[in-house]
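First up is the structure itself, then whatever we jot down about it.
Labels A, B, C and D are assigned to the chains in the order they are written; within every chain, residues are numbered from 1.
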């Protein structure tokens, strides 16, 4: 199994006036999952295990900036307020020269007898060299570590 | 020209730690533009002109709920903090039986000599009958008014 | 020790363009801590232990609404992005007839050799009977359970 | 009249699951009003009139940082979704050596026959020299311009 499971805890304020997690807020949950998996933020992580996939330092002063080029999301079921963390499953749908496509499934908490699939999504990231502000190629180390989590990209419904 | 121009004012808090409008926050700006164009919220709009396209009452108790089924967004340039409102251009890319695709271009303020195109996006909405919780067909009135704003859907870059 | 420790995990998006947790976002963290301690939301909590202090059902349809009448906050140090949860310490500064004052200290993660005190805050809540929309008195059960966490209110610096 | 009127447009996403503007979001509205009045952000303001009170450059690289030391807010009535901008009234309650207290009243849109007072609030700001990271004294120019908007500080209800 190549997917990475990221437990993401909802906040009550993620709900909108319909009493469900807001459609835009959903992208924040994906952002948080993505950051936990990819950012090697030593100071932020003090006393916290950083996953082996975390190869890019985050933040505006880092050597590499991760630019979000595109996102796509399909909402399958509304998410109510839950105290147990959502099970955000994350994998890589494509490793390009200087970019990668991150894929997600947002599911109800791990351990639920019948997990609900709330949403499917993808984010296209481009790695930017902060000094030159140009795209930079994935390193061999990144390619090796991340390719262990390579799988079929999300199949979105035809528009 | 069938596009509807919605002026959307940024808030400084839309910026993230990179000093640009956050990727998820961008969907909130689209949400706000969409609501202003489509929601016939009489009480909210008191003393404010409601556009002729606003045919659906908003909120959890309305007869028709507008369910967001899918969204897609391509980020073309980062958005800095601006005091003058963004020019969100909105049109309809497809009118289906019970659904419609709303298309957007997010541009720098109207009147700029060279408007920057910051992002292109689309939202697939399904109209739900609140009583039966089932999709309901677009009415003739909706189809007539909205088809005046029908145009080619956004062409997203191939993934 | 009468304080309740609520671990609250930051999100990267809590930061603003200064790279610290935004001043308004701080109230969201307090809101989340408060909800976890006081709301007896059975469905949200399924499979999750609900604290014994959680005596009020949350949400717009609950019998009792908790109205926020006032808030006060003193910011002592900026909060950076941290992966380990903040230690939000919560206690009750005053139990009134139909109201209570909730007090907070927001501290760096539990277990830190020298915990930083980031902020002190208080929230005045009024219990409202949803049927009559009037304040309702604290029940004996509420008073008994909550008085175990009664302590001196936060001492704010003189303005 | 020494108060400055700042029109602040709500977003539908400011509402929480109760269908009213969220208590923490309220501080974001105040933040936005404050920034518009005090920040002399030339690039952000291009093509937009900057008020004469805007004497401090905003952002993390500015010479002066405005540190929020404390905030206090009293909620008097829930705010529904409104299309017309709220009338945020802003004045200065105290000009100290290196600090100032900003006061606010959040009211329903200007021109309403009977304006509702939704909230009263105050923010204590400290001016920090970015180079030394120490508080710096208000300049004579700041003191002169801002003292024209000096008035009694907000009287909060006794806790």
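The rule is simple: a residue touches a chain if its C-beta (ideal position, glycine included) is under 8 Å from a C-beta of that chain, and two chains touch if they have at least 3 such contacts.
These numbers come from a predicted model, not from an experiment.
Peer 1: Pick the pair with more C-beta contacts: A-C or A-D?
Peer 2: The comparison resolves to A-C.
Peer 1: Select the interface copy of B-D from among A-B, C-D or A-C: the correct pair shares over half of its contact pairs, counted by residue number.
Peer 2: Within A-B, C-D or A-C, the interface duplicating B-D belongs to A-C.
Peer 1: What is the distance in Å between the mean C-alpha positions of chain C and chain D?
Peer 2: 25
Peer 1: Can you give the whole-Å distance between the Cα centres of chain A and chain D?
Peer 2: 35
Peer 1: Take the average of all CA coordinates in chain A, do the same for chain C, and state the distance between these two points in whole angstrom.
Peer 2: Chain centroid spacing, chain A to chain C, equals 29 Å.
Peer 1: What residues in chain A touch two or more of the other chains?
Peer 2: 12-13, 17-19, 22, 24, 28, 31, 59-60, 81
Peer 1: Taking the touch rule as given, give the residues of chain A at its contact with chain C in the complex, in rising order.
Peer 2: So the residues of chain A in touch with chain C come to 9, 11-13, 19, 28, 31-32, 35-36, 41, 43-48, 50, 58-60, 80-84, 109, 111-112.
Peer 1: Would you pull the chain B residues touching chain C in the complex into a rising list?
Peer 2: Of all residues in chain B, those touching chain C are 12-13, 15-19, 22, 24, 81.
Peer 1: With touch defined as at the start, can you tell me which chain C residues reach chain D in the complex?
Peer 2: Those in contact with chain D are residues 17-19, 22-28, 30-31, 59-60, 65, 67-75, 94, 101, 122, 124, 153, 156-157, 159.
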